[in-house]
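The data blocks that follow each hold one structure.
Below, chain A partners chain B and then partners chain C, in two separate complexes.
Up next is the complex of A and B:
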């Protein structure tokens, strides 16, 4: 199972490296949204709750693009039939797609977060790096698990482009709450953690529930 | 098939609803703080509880469908979610009216239950476009069931998250509707809750019966058309 998932993941990453479709588009999108927020809020630098909110809303919106593309290649080129015919169970397909999404999100954040610090964030990033990495890792895991599930749910519908954002964003409200609340104290002028453990615990609970749930129900999707 | 016991059930619903309304208006004491407006509590809170239980029940029926592959379980799950969404919109409306009357605003973001409810209703509204944009019957049932299960698990998680977020910004007593109601109010509340549950089950059965009947009618019409085509 792990070997099959690894093979599909390697295929997805190689495809992304060659076509450069999702990650550059998502990164460009985050930069555009920062510019939009700059003009929309009419602020040159943000701090506190506003900064955390702008950062996480931007990342979630970028994730929508990644999620709606995650099965695109297979569908357009008919590779999904080959994947479904292959003697691997759907769980490995879920693990591979979620892992691919996770890698995409990390790749986007490598650019998007320094860019946020440069363009909009008032206080520096340096003081909160280890904590921010933990929040990002747990947040990305939740987004990746729910994203792969939502992408598979929407894959067979006629109104795919419509269903993905409508379905994904409400599902991610708890992730947004936990990540934004956990990041917010570090983005105040007087940086310092506040209730960090509580929000990380909530994120962990969310991740565990949705990874297990997705593994359990993924067999019923993409069945034929 | 679904209509068994519907008439006595509907009768019981009417009687309990009438009894609940009578208790609300003539028996339960006026709230010292909020006065008459507080009576909406007897509609709003039972409605919210029943609607949430309906969402979770829809998820459990969806599990049953995936286990048994019996389309009637998918139909039950779909109708349960359908009725819950209708009650959910009612919860948002009565919540807004209550908020306007007691706090002066139509919407308050620091009321965790109401805010979580909005998120849940927004999520479940996507059930319709998801379900009806899949043509194949069997696949439609399968995908809808997976959605119902995932969303059913999301409901308690979302409540925990929103409650934590609000408790964090506005530290205050968490349970408002909980234990410490005076006796008359509690009795009225329990009767209202029972009435709302009966109403939910009646509506659910009624909708199932009508869906089943219209499906059968369609099948008969198709058969008739086939026979006419053969005769002609």
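Up next is the complex of A and C:
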């Protein structure tokens, strides 16, 4: 299963490098939204809960673009049939798609987080980097796990562009709350961790539950 | 043995039932309320070729997809080398090479990358990729993305993909579509009668399909019109 997941992931990353269909769109969307907030709020800088909310809501909306595209190539070019015709566990497709989404989100954040700090954030990011990386990693894992599941669910439906955001965003409310709450104390002028362990534990629990749930049900999503 | 629909008996074509490559008995498949296949019963010996004939919408592609394990039957039984679909579906992929309407290859990957990906999925040694590319005469274009190749070249690669894992059963849906005569000749050792594999062949080239087949199955609106060696009138009636 791991070997097959590795093969699918390598293929997905190669296709993304070649076609540049998802990551550039997600990144551009994120940057545009930060610029819109910059001018829309008519403020040079944000801090606290507002800054954390803007950061995470924008990343979540960018993730919708990635989730909507993650099965597109399989649907359009017969990739799911090819996988079902191979002697591999179908769960390998979930693992590969979740891993690809995780990589896409990290790639977006490499650009988006410094841009957010530059355009909107009052306090600097330097003092919170290790903690922010931990929050981002756990948040991305949750988004990727739920995103791969929702993408598979929507892949064979006609209204998939509607179904992805309608299903994905409610599922990601706990991720949004935990990530924003964990990030917020670092975005105050008097930076410092506050309940960080609690929110990281919640994110970890969410990730574990959704990865296990997805592994359990993914097989049935690919049944005709 | 071939099941004769009209009489309800299996007609012998010279092999024991346990050795059947394909066994269908009363197979039924629906799409919602619409019946795509009903009452299809046929057996095919290993190494033999079954030609599936019928007009558009007769259920030919559906039949291939059931045999490939991509669709589950709604009634009746379908077995491929003894593995019942869908309960033992996991046994089927290693036995089956599927060449359908879609090449099941990625347009933005090269021929070599596509076949290497399929080799990894099937746990096949990468040396087979080189052999498969050579077998379909694509060495010089193997490192170009598929979107830059002609449809005929893509069809050759799709054939290479279908036989990459050396399956004993080939499910072929218009396998010579888009191929020029030279390319069709090139693929004969891989997917033709000379490949030594059991084949289920869907084709609108009735003369050629019957010429290659040991057994013919006629489908009309999802129903079995005949199975066995049809007389010309039965075939003509199928397309009327």
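The working rule: the second predicted complex is superposed on the first by the 223 of 224 C-alpha atoms of A that agree within 3 Å, B and C clash if a C-alpha of one lies under 4 Å from a C-alpha of the other, contacts with A are read in each partner's own complex, and residues count from 1 in each chain.
Throughout what follows, a contact is a pair of C-beta atoms (placed from the backbone, for glycine too) under 8 Å apart; a residue touches a chain by one contact, two chains touch by 3 or more.
This one's a predicted model, so the numbers in the text were calculated from it and none came from an experiment.
Once the two complexes are laid over each other on the shared chain, residue contacts for A:189 go to neither chain B nor chain C. Of the two partner chains, chain C is the only one that A:14 touches; chain B does not reach it. When the two structures are aligned on the shared chain, A:223 is found in touch with chain B and with chain C. Within the superposed three-chain model, A:130 lies out of touch with both chain B and chain C [touch as defined at top].
Contacts of A:173 after superposition: chain B is touched, whereas chain C is not reached. With both structures placed on the common chain, the touch criterion links A:197 to neither chain B nor chain C. Comparing which residues of chain A touch chain B with which touch chain C, the overlap comprises 223-224. Residue ranges on chain A touching chain C, taken from their complex, read 3-4, 6-8, 10-11, 14-15, 18-19, 73, 77-79, 81-88, 223-224. Interface residues of chain B, counted against chain A in their complex, comprise 66, 119-120, 122-123, 126, 129-130, 133-135, 139, 142-143, 145-147, 149-150, 153-154, 157-158, 160-162, 164-165, 168. Chain A meets chain B in the complex at residues 149, 153-154, 156-159, 162-163, 166-167, 170-171, 173-174, 177-178, 181, 195, 198-199, 202, 205-206, 209-210, 213-214, 217, 220-221, 223-224. Remark: chain C residues 68-72, 90, 93-94, 96, 98, 100, 102-109, 113, 117-118, 120-123, 145 touch chain A in the complex.
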